[in-house]
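Think of it as A, B, C, D, E and F in the order they're written, each chain with its own count starting at 1.
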Amino acid sequence: MAGGRPDAGDAAVSRLSHFDECGAAVMVDVGAKAPTRRSATASGIVRMRPDVVAALPSNPKGDALQVARIAGIQAAKRTADLIPLCHPLPLTHVDVSAEVGPQGVRITSNVSTLARTGVEMEAMTAVAVAALTVYDMCKALDKGIEIGGIVLLEKRGGKSGRYARE
Amino acid sequence: MAGGRPDAGDAAVSRLSHFDECGAAVMVDVGAKAPTRRSATASGIVRMRPDVVAALPSNPKGDALQVARIAGIQAAKRTADLIPLCHPLPLTHVDVSAEVGPQGVRITSNVSTLARTGVEMEAMTAVAVAALTVYDMCKALDKGIEIGGIVLLEKRGGKSGRYARE
Amino acid sequence: MAGGRPDAGDAAVSRLSHFDECGAAVMVDVGAKAPTRRSATASGIVRMRPDVVAALPSNPKGDALQVARIAGIQAAKRTADLIPLCHPLPLTHVDVSAEVGPQGVRITSNVSTLARTGVEMEAMTAVAVAALTVYDMCKALDKGIEIGGIVLLEKRGGKSGRYARE
Amino acid sequence: MAGGRPDAGDAAVSRLSHFDECGAAVMVDVGAKAPTRRSATASGIVRMRPDVVAALPSNPKGDALQVARIAGIQAAKRTADLIPLCHPLPLTHVDVSAEVGPQGVRITSNVSTLARTGVEMEAMTAVAVAALTVYDMCKALDKGIEIGGIVLLEKRGGKSGRYARE
Amino acid sequence: MAGGRPDAGDAAVSRLSHFDECGAAVMVDVGAKAPTRRSATASGIVRMRPDVVAALPSNPKGDALQVARIAGIQAAKRTADLIPLCHPLPLTHVDVSAEVGPQGVRITSNVSTLARTGVEMEAMTAVAVAALTVYDMCKALDKGIEIGGIVLLEKRGGKSGRYARE
Amino acid sequence: MAGGRPDAGDAAVSRLSHFDECGAAVMVDVGAKAPTRRSATASGIVRMRPDVVAALPSNPKGDALQVARIAGIQAAKRTADLIPLCHPLPLTHVDVSAEVGPQGVRITSNVSTLARTGVEMEAMTAVAVAALTVYDMCKALDKGIEIGGIVLLEKRGGKSGRYARE
């Protein structure tokens, strides 16, 4: 009778590593890869009105930014719990920074591991959750805040080697 | 001796509900509010190259999009665990949709509750995590994918009433 | 272009409350329901060889059974985190018992709440995780152990009222 | 005075690796074992009435089955959090399939790692939670659904080598 | 045959609400209680050498203390996940403060809810986890740090009314 | 403009490994360390009135102590989720004991790993959560219970070698 994985006629599907021959979403098997040193850097921005930027507790207290940093670090460690097809990885380092600029708060994360697969998702997840945390603390002042530009800036290690966003 | 909450000279700080009189980040006390029906809608987009959009398993299989929808629904339920100053809320409904368009995948979430505070963060978190899940499944094809435009589209209920993004 | 929810031609689908008009899996909206007192009882059995049953630390120490009971109680509280379309519910009581019999260990759970939807899944999840815990502690002796017969014995409350398995 | 671990007169207890010399449940110390490639396959069935089987959104949509597959994959990653005496393991692959047959939905999982202990519990947990997820989506139609036959089909690797269920 | 709950001859057991008539640990059934406003305050101290106290980043930066505060707030929300027999509660407020004094860092928490049972455990858990977080950040300088004096200072609400530690 | 990490004038800060050159709390980068065998032992005491000690279900049932032991083992596995700057570690063994004495219940934990950083925090967290669990089960009898004396008794492995508390 019927199965959980429909046929896929689309040849391009096979290029997406998270899909099997039938188009079903799968976790990539990384058991045959050797553990290597890997790192990833991602960033994003929480855009807000200038008056809301000005209302952020100013440096050197930086409290809102510290809460966001901590939330981002913790989220990196929970990536495999949040993103269904991610592997649990033994992270050796997570760093998240949050900087106030004229447009809002820029979040940058850097994550490292020695593992069989990369930490791009951990870096992206850290940025997204740190950004959501900034949003949470500022939303009473500005419901129009936008979280955007979440991208991978660089990755190192693994079979595909270094990638740097232009 | 010293305390955990530095003085804040900035008057604007007091307008940010997540900060106390000293500028320290705090959870807002919602105990005096009455529980009311509240809902929030948020959206965002995962921008990718046209050939990556084309490689997404197409409808009616829609598998990648289903994984993203499920990840978003589960993330909404974990919002208070991810965002440090959020309250745990008894969500009565979470819906996440993912639609493929020419620019990529648009994620939209809708969250409802009967509670003492709103579900804006649950809606935003659902969108962010669903978007990260789409990114995860497509990143092998395109490391330049960008998650952006995560905004609150509408909220209803609570003291501040309805908000709709222009 | 394509959407995340394919068309469903099958009329029977509409009877499954967890699917929308297009056949996509959705969380049921319980916002319009009144909170009422609800309870559910479920059970299951961990079937093992008689010599493995005999090797279980015997009463009154009952240690293996206590570990299983605790694991089941904790799992009930995590149901909404494990089962994607479940609602988070404020459980007022969870009880799990584990009894050694000639065929193995029988697990029974009882869960109560005052909420807008029932606790059948919490009761079923408690039984399943308690049974897995018994399996874990006995698997070194018998890899042929089978977890089976996980059923809802009774539920009370809610629109559909009482149900008792024949 | 009294201790947390009662005396155990039963010699057979020592054969159960999860109990110490006093019969108290303990986590097995795997520090002296070498990490090796290990895998495990488990399965189970969600038995339901033929009309409920027929109401499952049919292939190629297969939505209910996708939700169950994702829930099972995520549960495998949370095994050490659910089963008290399990070790956290760096899973290299998790696959869960769900197939509709005349009796209901058969769930099969396959889990791999390179670690100091096996992944039987991860495979069993994936099956149990995927089965619970199917139950959740069908329970409105049939409260008599039974989850059963959850067994280890095969394991490879480790000191005890290959096991295959007859 | 044997059951999971041994007989208890000890009359005093019945006074411990978390044990049933047989001495087995159980979750208290709070379904018959009315939800009322409840709060609890707890505190504890992380005792360290004066030179380690002096090395803590000083006010107004207070970063170590902010990390501890955030960890304590998040832990309060996870109490039912950590303490097996605790009920999940809809917390309306959690506040954690950390103050540096001559002996070390004093942690104080205050938790509120409107629920059927009290939040003593949430307040105690917030203090313990905030204290562990301070310990983590200082342990490189002083392995002799002691976490102590974790007590309930006050509770309000519920059948037993107000309690204040003398 | 402003940054998330204020300047630190205090030279002593650099000795605290969890703070960067600006005094911001950071996760220590352990990527350059070799994985070695490490263990840690911690203990603490739950002090209660003699009549409450007497009311604890007595040995050999020891139920309250078993619940506490299990909660401590599970907490050790969740340390990186609770303590923001901790690394996720592949624990090879966790043991928690709980012994009733004239002053109350003494908790002792022992945790092992083969990893790039130590397991002091895992041992301390296991003790704290096991102690909170004992408190939870006894608080109905004695609100004056105090959790104290949580210290590291010994650690082995790593660059700094063995430490034993005097």
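Keep this in mind: a residue touches a chain if its C-beta (ideal position, glycine included) is under 8 Å from a C-beta of that chain, and two chains touch if they have at least 3 such contacts.
This is a predicted model, so every value here is computed, not measured.
Under the document's definition of touching, what chains do chain A and chain D have as common neighbours?
Touching chain A and chain D alike, sorted by label: B, F.
For the copies chain A and chain F, give the interface type as same if over half of its residue numbers appear on both sides, and as different if under half do.
Different; most numbers are used by only one of chain A and chain F.
Any idea how many Å lie between the Cα centroids of chain D and chain F?
The mean C-alpha positions of chain D and chain F differ by 30 Å.
Centroid of chain D to centroid of chain E, CA atoms only: how many Å?
34
Among all residues of chain C, which ones touch two or more of the remaining chains?
6, 24-25, 58, 60-63, 66-67, 70-71, 74, 78, 84-85, 88, 90
Taking the top-of-page definition of touch, could you list the pairs of chains it picks out?
A-B, A-D, A-E, A-F, B-C, B-D, B-E, C-D, C-E, C-F, D-F, E-F
Provide the residue numbers of chain A that touch chain B in the complex, in ascending order.
Within the complex, chain A contacts chain B at residues 6, 8, 10, 12-13, 15-19, 23-25, 44, 51, 54-58, 61, 63-64, 66-67, 70-71, 74-75, 78, 82-86, 120-121, 124-125, 128-129, 131-133, 135-141, 143-152, 155, 163, 165.
In the complex, go through chain B and note every residue touching chain C.
It is residues 37, 58-62, 65-66, 68-70, 73-74, 77-78, 88, 90-95, 97-102, 112-114 of chain B that touch chain C.
Can you name the residues of chain D that touch chain B in the complex?
60-61, 63, 66-67, 70-71, 74
Provide the residue numbers of chain F that touch chain A in the complex, in ascending order.
My answer: residues 1-7, 24-31, 80-81, 84-85, 87-90, 115-116.
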